[in-house]
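Supplied in structure tokens, the structure appears directly below.
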Amino acid sequence: MKKNFTQLSVKTASDLAFGKAPKPITCGFALRLGSGQVYPELNFTLPMMTLDKAHWAAVVSHYEEIGEMVRRASKRLHLPGLMIEFELLPPMTEHPEWGAEITSILQRHLRLAHEESGLSCALRVTPTDIRDVTRPPELRSGKAWDAVRQSFDSCAAAGADLLSIESVGGKEVCDEAMLYGDMEGVVFALGVLAPRDVEFLWNEIVAICSEHKIIPGGDSACGFANTAMQLASQGMLPEVFAAIVRAASAVRSLVAYECGAVGPSKDCAYEGPILKAITGTPISMEGKSASCAHFSPVGNVAAAMCDLWSNESVQNIRLLSGSAPEAFLELLAYDCRLFNKAIESGTEQTYQKLLVDSDIYESPQALVLSPDSTFRIASAIVKEPTHYRKTAAASREAVAIIRQAIDDGKLQLAERESHWLERIHSSLEALPQHEEDLVGAMSDQYGRLYTPRSYGL
Amino acid sequence: MKKNFTQLSVKTASDLAFGKAPKPITCGFALRLGSGQVYPELNFTLPMMTLDKAHWAAVVSHYEEIGEMVRRASKRLHLPGLMIEFELLPPMTEHPEWGAEITSILQRHLRLAHEESGLSCALRVTPTDIRDVTRPPELRSGKAWDAVRQSFDSCAAAGADLLSIESVGGKEVCDEAMLYGDMEGVVFALGVLAPRDVEFLWNEIVAICSEHKIIPGGDSACGFANTAMQLASQGMLPEVFAAIVRAASAVRSLVAYECGAVGPSKDCAYEGPILKAITGTPISMEGKSASCAHFSPVGNVAAAMCDLWSNESVQNIRLLSGSAPEAFLELLAYDCRLFNKAIESGTEQTYQKLLVDSDIYESPQALVLSPDSTFRIASAIVKEPTHYRKTAAASREAVAIIRQAIDDGKLQLAERESHWLERIHSSLEALPQHEEDLVGAMSDQYGRLYTPRSYGL
Amino acid sequence: MNELDELAQCLGQGQTKRVADLTQQLLDKGVGPQRILNEGLIAGMAVVGEKMRSGEMYLPEVLQAASGMQASLRLLKPYLVKEGAQPLGKILLGTVKGDMHDIGKNLVGIMLQGAGFEIVDLGLNVPPQKFIEAITDHTPAIVGLSAMLTTTMLNMKTTIDAIGAAGLRSQVKVIVGGAPVSQKFAEEIGADGYARDAVLAVDKVKQLLGVSAQG
Amino acid sequence: MNELDELAQCLGQGQTKRVADLTQQLLDKGVGPQRILNEGLIAGMAVVGEKMRSGEMYLPEVLQAASGMQASLRLLKPYLVKEGAQPLGKILLGTVKGDMHDIGKNLVGIMLQGAGFEIVDLGLNVPPQKFIEAITDHTPAIVGLSAMLTTTMLNMKTTIDAIGAAGLRSQVKVIVGGAPVSQKFAEEIGADGYARDAVLAVDKVKQLLGVSAQG
């Protein structure tokens, strides 16, 4: 039953558009994604507070307040549709009944919004991947994994319309490899370890979704590529490094789709465009709209192919206007009006070009997210037979894209960045042809960090 | 020396563009406005705290922190230029030396940003109009007015590059007239009282600016038209009422330009486009970017003709990404990249059309801000000889614009809204031809609220 | 339709003159003033409040209804006094020290008046001492504090603390509101309630005083 | 260039082998181990820290330099012990209970090590009791707490309070950091310092211990 994507879902880069996906889906209360409209995906989290049994009433009241705000604001803003994501916090996954309780609260508010004002809407629920509570992580058994699996099941039963996760398999190695600027180690983590874990995990999630007749959304390489982006923004890692990790990370997220996920991908999965190019499923993206959660060099270009437009996360605190989630929902709503008016008026390519061109030569991280780059990286991925070789190919294509932009005089890089680009290029060229050879070398270097049995190795 | 604007600065509505003004200006550290680029205007305020002598060190440290953030973030975001606005809080105006101290702190950071990384930038300083500390307000003499005047002078001396104010003359009457839905009273407040105060005030401000060789920016009808917008958003007033107040409010703000202001207008002056059409000066605007400060039905259309793009106000508190002012600066920066890329690539009319069309039939308040509406209202204003008649003409034109959109089947209004539109129309038609007649009638109705000598009456 | 229902309906339609006439007719017929107040005026204003909440009525229409209520009350007052009738409750309102915003507070006052409460409005920029004096003079059931600035909202706490220090805190309930204020902040400074807008403020006051929606 | 300067320079260039060789040469020549440490290693790492701060060096390069320092220290250690030399200071690090994020804390540890401090890293999800035991065992000068979630940051306060209750608060300075943490929060929970990033954490530690930039 595992899918094998050997060609792209689109013919050319210009087929990659916002609001349109080759394989639209319908979820929740008649929310149709990828068929001509972009909708907001609202995200939120708790403000500073203690999350335990004793404070549970306060926790609940925050989610009730957000649910009420959503009903009020969706009318005020004339929203044509809305996704809301409930990202569980670790204790809500450890105690699956807690996550389920909040799921049912949010589901109730969405149902009311749908009944009261006809809002098309859906609830995405994302349990926390707490399997790295031990080091090395125990991925396929033990208390943490049991809780994660139970959390998916309980949230599905409580009213989730689609399930997602930001899975962590391979992160224990990727973190360290990135600190040392070791691209070989990154490829090992992303191309060898992570795909094995994503496959294990998504087989389970897809089974749970099919049992509950809900939608298996997608995964996110957040813990890998967004960590690299954050390290780059702090000056800890070169931007080119983060850009190449981004491309490389798409393969492990693709595995979820091979196992039956149908999208929309997670908002923080900036690898989403590559997934869309390959699988044809709708994607969620975030950019400037997520400046409440993290800064980034891809604020506009990230929107170029989105089907949902998200704010990633914001505490339920008070701004001068009202609650911070409402403020960011307003921002998302107005951005979505632009996407949708562009589609309606046939100017979406002009608008997409603005979104793309305004960012891509400001940062190599933005460059690899353009539709052209997306098409090239996705093409490189589908040509290769194994996850390891797909990951290496994606990385090499990203290097080639950046090099070409430099050669064309369009991208200016500081000398330190160029130096690292060549260093990464050499590492990638030196990768062994055979996966087993890499596994052998890497288990010497990183073996203390992971347990082979967690990856079926 | 008073200017009299008898024709528009542009020939057609399509000459009204973002980033370009017929009369560009240069201010601060080589920041050129209205000549082909849109820049962010960052606004911020203190978080919850006590503002007094005892807590002054904490106050100062917030502004220092913001200044440092601006220097760091302007590099990170590759900002091509930046305006920052320091809006004084009431005690900082009461104690002019306090406002001056913060002015000099922010000025120092901007100078450093300019020296370190060549940032084109300027500091707008906006003392609080505290003359309504007494009711009825004492506008032309007394302690409050003395403090306001001293505040302008001290801030100019301390390094302000341009001065603005949100003046309150006439607000005491406008507030009450709006609560009762009395359009006649609103026209009296905005067309008779307010222009007299703006003239008094701006003659003083222009003199102070010319003495210090800095730029007299502009005023804002915030206390009038934004109050109406807020009341409408709470369901207290009809949207059509707020839309018409918006148009009417442009005349009192125009008086600042008659007295020598050269722009950029204040961010919260949504009447800015009308001012730009008449005077040709650059304007600052805010829309979805100001969702931290207030919600609005004009999130995109407000950007259609901006030269600065602002977030209005946000507390210096912590979001997950970093400080809230930095999060909103990032948003502004990415929005500005879109404006500027559109200008560079010659697609600014397409983009402007998206901004306009995505909003204008969602709300009458958005409709009156379109370039076409702006051109019509501005044309109606310059044709009339007096402020009173200009204000009445602007209001009538706004009614005509809304009626036409309804007749064309483009704008759908709830019946209650249509009813009010006709009620307002009748009030406007019934306005006396001669200002003296209105003054007589209104002094009976609202005389207890204002002192004639504050308006030279 | 009986005449009390008609009174309520005319009130909602803003027919001030007719409201006064009906009130007089009812009094002439010997209908009790308390009954006219409850089943005519307050019932009518409750419908007005509902319509405002649901977006069917705007503030100017509510104010029109409120002025009908005032006209009727002027007629009822002597009878109510004679009967020793108690008003629904007295509310003290003010914008705290340092804050010059009063439109939000005024709206709350208007809505509360419409709901049958008696309002004492201290205006804006009100120091704690003035609140204390007014509590002593007017013995309100509730004190409503308003602030619109992050740099004045802590003066709500100062005011509540001062009321406490004056030994008056147990006599009144305190509600707070304004743009930067939240439920959490209200709890932190020891207020008894918070309302996001003027309509909800009426609900909160009724809830604190144990008054039902129909008065 | 004298050999101590050369040592510092090779350190910054990540020449681990050369750093070890130069250390041995200096020791053979009879140069004091404390001098090699201060004028060679710590001076070299200070330049590295500066370059990181100014954006001229990335973390992998800093780690390369740090491993050179470790190689050199392995040679110096027996001599330093013999001389009874004191390390620059010991720092205890940990991510608080409930929080599984450790990359930020790890960065802080790496930067502090490079600056010449000794690090004891308790890892992540560390309960207060474990901090208390480690303070007793290791007598650090400073305890660094990390939290990345709004729902775990209050565990920093719990931890600081527990250290106080155990009577150990006066023995250590506490610094805090992590995405949701701010200077204001640090003050509110009674921490001695806050740093926005790993580079600033080194400055803060030096400031709290009264150590100059050159060590």
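Residue numbering begins at 1 within each chain, and the chains themselves are lettered A, B, C and D in the order written.
We take it that a residue touches a chain if its C-beta (ideal position, glycine included) is under 8 Å from a C-beta of that chain, and two chains touch if they have at least 3 such contacts.
Just so it is clear, the structure is predicted and the values come from calculations on it, not from any experiment.
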Farthest chain (mean CA position) relative to chain C: D
Intercentroid distance (Cα basis), chain D paired with chain A, Å: 34
Chain C-chain D separation of Cα centroids, rounded to whole Å: 61
Distance between chain centroids, defined by C-alpha means - chain A, chain C (Å): 51
Numbers and ranges of chain C residues touching at least 2 other chains: 150, 180, 185
Residues of chain A touching at least two other chains: 45, 315, 320-321
Chain contact topology (line, ring, star, complete or other): other
List of chain C residues in touch with chain A within their complex: 150, 179-182, 184-185
Complex contacts: residues of chain A adjacent to chain D: 45-51, 89-91, 130, 132-133, 135, 175, 179-182, 227, 231, 234-238, 315, 416, 420
Chain B - residues contacting chain D, complex: 318, 320-321
Chain A to chain B touching residues, read off their complex: 45, 76, 78, 233, 287-295, 299-300, 313-315, 317, 319-322, 324, 326-328, 330-331, 333-335, 337-338, 340-342, 345, 347, 350-351, 353-355, 357-359, 362
Contact footprint of chain A on chain D as seen in their complex: 52, 55-56, 58-61, 63, 98, 100, 103, 106-107, 110, 123-125, 149-151, 153-155, 180, 185, 197-198
